[in-house]
Amino acid sequence: MTTVATKTSTAPELSRARSTSAWLHRHPSARLLGLLSLPGLWLVVAYLGSLAVMLIAAFWATNDFTGAVEHRTTLDNFRALVTQPVYRRVALRSLGVAALVTLVDTLIALPMAYYMAKVASPRVRRLLVVAVLTPLWASYLVKAYAWRVMFAKGGVVDWLLSPVGGHGPGFGLRATVITLSYLWLPFMVLPVFAGLERIPDALLEASADQGARPLRTFRSVVLPLLFPALLAGSIFTFSLSLGDYITVKIVGGASQLASNVIYDNITTGGNLPFASAAAFFPIIVMVGYLLAVRRAGALDDL
Amino acid sequence: MPSTAGRRLLVATMAVGLLVIYLPLAVVLVNSFNSSRTFSWPPRHFTTHWWSQAWGSAGARSALRVSIEAGLGATAIALVLGTMAAFAVSRYRWFGRDGVSLLLLLPIALPGIVTGIALNNAFRLVGVPFGLLTIIVGHSTFCIVLVYNNALARLRRMGSSLEEASADLGAGIWQTFRYVTFPMLRSALFAGGLLAFALSFDEIIVTTFTSAPGVQTLPLWIFANLFRPNQGPVVNVVAAVLVLLSIVPVWLAQRVSGEPVGARR
Amino acid sequence: MHGRPRTALVAVVGAGLLVLAGCGGSSGGGAKAADSAPPVPKVAMLDAVGAGEGQLDLVNWAGYAEDGTNDKTVDWVLPFEKATGCKVNDKIGNTSDEMVTLMKSGQYDGVSASGDATLRLIYGGLVAPVNTSLVPNYATVQDFLKNRPWNSVGSQMYGIPHGWGANLLMWNTKKVSTPPTSWGAVFDAASPYKGAVTAYDSPIYIADAALYLMRTKPDLKITNPYALDRTQLDAAVALLKTQRTLVGEYWSDYTKEVQAFESGNSVLGTTWQVIANLVTSDKKATVQAVIPQEGATGWSDTWMVAAKAKHPNCMYKWMDWITSAKVNAQVAEWFGEAPAQSLACDQTSDKTFCATYHAADKAYSDRIFYWTTPTKHCLDGRGNVCTDYATWTQEWTAIKG
């Protein structure tokens, strides 16, 4: 309510709740402060606070013998990450995988969501939404392992492709991209579907009436309107792929991604400072990505 | 409307898409009857042994309970905080308002491992004992945005005129919220809450870093058991059951909100 | 980002720094410059076992504390709870490193630590010396497991041995024509099995390469695969980088390894006896597993008591329980390793079990270099010129590329 309160309560007896209510009604800024207090405390103090403390740890060293964190400031961790070529390779590989997963999901989600939103009857539409959503409830790990079984030599993928003389990609980065695309597909379909639903059918018909062929309508009318929704979906597919370290262990053969480096250093090496330094990479990428998406005005479309 | 050929192409894509979505789930279901202890493919023999063993698995059942408790706890916190934030953004103009979406989105956009390590480190620093509570805190942090987005979209769409009318007619702000705003917001909150619950229910990475001994969520139980030769097949059973059970919340969503869970507006 | 969140962030960062500065200093220092072994933190030892405290919080390998929730017939926790009144809460540690991290949290009474974790725990002051006279079953534990470098300092035991095993060389007998007798088979750059070689996915695997170099490259003067100076580590890393081109996938859990051998994705590589047994019992692939001529790395697990255990009496009762003949046999069979308790061999349900696992075979055990934490202070007594495990971890990342 942005209007200034114009009425004061005239009730003769005010209960406490009522008096607070009236007071709050007269003081919008107090209402705002109240509303912001809890979420603010939670996210700014608890979440950003934890994040900040962890990031500070990146500038610390560890004891050579006990592995205990020592509070002396050093840039060694960053120096190692920047100078050793392996980390650059892993970082680029992770970006590539995340981008590829996002692309694959976009290409699959677009026609599926289009069919759901614009072609299917309302009853079928509901069924389809349920059908796309249901796998989200099956355990992520189990699905990833199912793909492992499918990609194995002589597994389902080989078996399906053998009639056409092909065979599956085997374990490796390709298998990782396919599995991740599978896992995160619903996170792309849903926003795109919602975005398509918001585009009035009349608009598409008008375009057709003006003589535009379907593909032209799609390119010139649907895609621009859908762009924010696509960006919104891509935040999920991109960030979830960038953060994954389990799938690549299951189907990735001998490959590793950026999150494996963080995970290995924290759990295997017990090296919090180095892991924190390595965590700067996904943080910088994702914050940059979010800022870019916000500039495109797509944050509200999630 | 697309042409007939285009239409056929769309139908075909949809069909293939669904097939690919369900193929791995079918593999899981078949493997739950696979007699091999490491569910190697193709199955040679079939057995219902794993199903009966899963039925008697107290570990899986208690993990399910922990997961539901954690999911409900996280969803409750997300509902309260997400709604508050949505009100603050939709009904007031203030300095920094534009940063809210970004801030709320951060926990879900940053890799789980970053959030997990950060929280784990902070809990230890402050001396919070690990347990169900820390899992709930971790989960709600990234669940808030789901409720917030749903609530914000609804609040913006319905505008504030009804609330103003209610106030003009003498209703206090609590009354206005209870009788005017909340009923209109309910289905959006439900959709957001369900999504939050779903996300919490299958979360593993942040949970890995925020749980304690004896407090195991279902994904953690699955993670611990999937890699053991005597237990892997039981995990397939649990996953198959989860897929079947997931019809409950999805059906509930349809009934209560009258719209699919994903369609948030 | 508009003003508010950023200023808030800065404020929080500032506050965080203050908090951390306040608690700093306590863990700094230590023995860095001195060439002597670092001091072992003084931790008191229990004098007598009193009444149980009613609770017991454990960190253990999957399968070490089964309470029948996974398989009704596999249960040695409930009988323990009934006998002692100590309720067991167990947390599975998936890797040695995770276990150390968990023990650092100070929430646990004890841990089933492998040799690559024990020294970190001892020198980190996280575990207490064990008064073996309070653990009656310790007397009949295999002698070759007592007072070893990974479970004791000086002649003081820091835990009770639980079970052990070797990292074997396994191959698919149908796909690999000549049975390999040397680890060279997995390091040969011209291997005909390129893409189907597998290796254990952990920095500790660097020791396997070091063991091979120790036998084949005497110039490097490696005497202990866990004590590598920079040159020696670089040689091992170079060997592993060559191996990387042969590896189809690295494995870290049984399921993955068994599946890979059964499907034919892997035909040659490191394994555990239990994995070989599983593959054999599934009859999808025929495999053989041996200790090659160079010897092998392996693990020997030890139950240790946390320095700040809240329930030390229950932990002592547990250590005695888990090494009792019958229970130790049960655990060993379920997990697939050699039991530490010599009397356990009479209690196994499979009478050939101890023979299969060479449980009483000292000579076999002597060919194993048990996982030990690499530290800056060389384990072979050369001083502080060795590379530590954090370094190995980073090299492992570089090896995988």
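The letters A, B and C name the chains in turn, as written, and every chain counts its residues from 1.
In the analysis below, contacts are C-beta pairs under 8 Å (C-beta built on N, C-alpha and C of every residue); 3 or more make two chains touch, one makes a residue touch a chain.
What you see is a predicted model; the values in this text were computed from it and never measured.
**Q** So which chains are sitting against chain B and chain C at once?
**A** Both-contact set = A.
**Q** Using the stated contact rule, I'd like to know whether A-C or A-B comes out ahead in C-beta pair count.
**A** A-B
**Q** Could you pull out the chain whose C-alpha mean position is farthest off from that of chain A?
**A** Checked the centroid distances; the maximum from chain A is C.
**Q** Please compute the C-alpha centroid of chain A, do the same for chain C, then give the distance between them in whole Å.
**A** Each chain reduced to its C-alpha mean, chain A and chain C end up 36 Å apart.
**Q** What whole-Å value do you get for the distance between chain A and chain B if each is reduced to the mean of its CA atoms?
**A** 14
**Q** Hey, what residues on chain C touch two or more of the other chains?
**A** Residue numbers touching two or more other chains: 1, 5, 19-20, 255-256, 259, 263.
**Q** Mind pulling the chain B residues that touch 2 or more other chains?
**A** If we look for residues of chain B contacting two or more partner chains, we find 39-41, 102-103, 125, 226.
**Q** Provide the list of chain A residues touching at least two other chains, using ranges where the numbers run on.
**A** If we look for residues of chain A contacting two or more partner chains, we find 44, 48-49, 53, 145, 149, 152, 154-155, 266, 291.
**Q** Taking the touch rule as given, give the residues of chain C at its contact with chain B in the complex, in rising order.
**A** 1-6, 19-20, 23, 57-59, 62-63, 68-72, 74, 89-92, 94, 105, 107-108, 253-256, 258-259, 262-263, 274, 278, 281-282, 284, 334
**Q** List the residues on chain B that touch chain C in their complex, please.
**A** Interface residues on chain B, with respect to chain C: 36-41, 44, 53, 56-60, 62, 95-99, 102-103, 124-125, 129-130, 212-214, 224-232, 234.
**Q** For the complex, which residues does chain A have touching chain C?
**A** 40, 44-45, 48-49, 52-53, 56, 62-72, 80, 84, 86-87, 89-90, 145, 148-149, 152-155, 170-171, 249-250, 252-256, 260-261, 264-271, 274, 291
**Q** Can you check the complex and tell me which residues of chain B touch chain A?
**A** It comes out as residues 1-3, 6-7, 9-11, 13-14, 17-18, 20-25, 27-28, 31, 39-42, 77, 80-82, 84-85, 87-88, 91-94, 101-115, 117-119, 121-122, 125, 137, 140-141, 144-145, 149, 152-153, 160, 163-164, 167-168, 170, 172-175, 198, 201-202, 204-205, 218-219, 222-223, 226, 235-236, 238-239, 242-243, 245-247, 249-251, 254, 260-265.
**Q** Can you tell me which positions in chain C touch chain A when the two form their complex?
**A** Its residues touching chain A are 1, 5, 8-9, 12-13, 15-17, 19-21, 24-25, 27-28, 30-32, 38, 95, 97-98, 100-101, 104, 120, 123-125, 201-203, 244, 247-250, 252, 255-256, 259-260, 263-265, 375-377, 388-390, 393-394, 396-398, 400-401.
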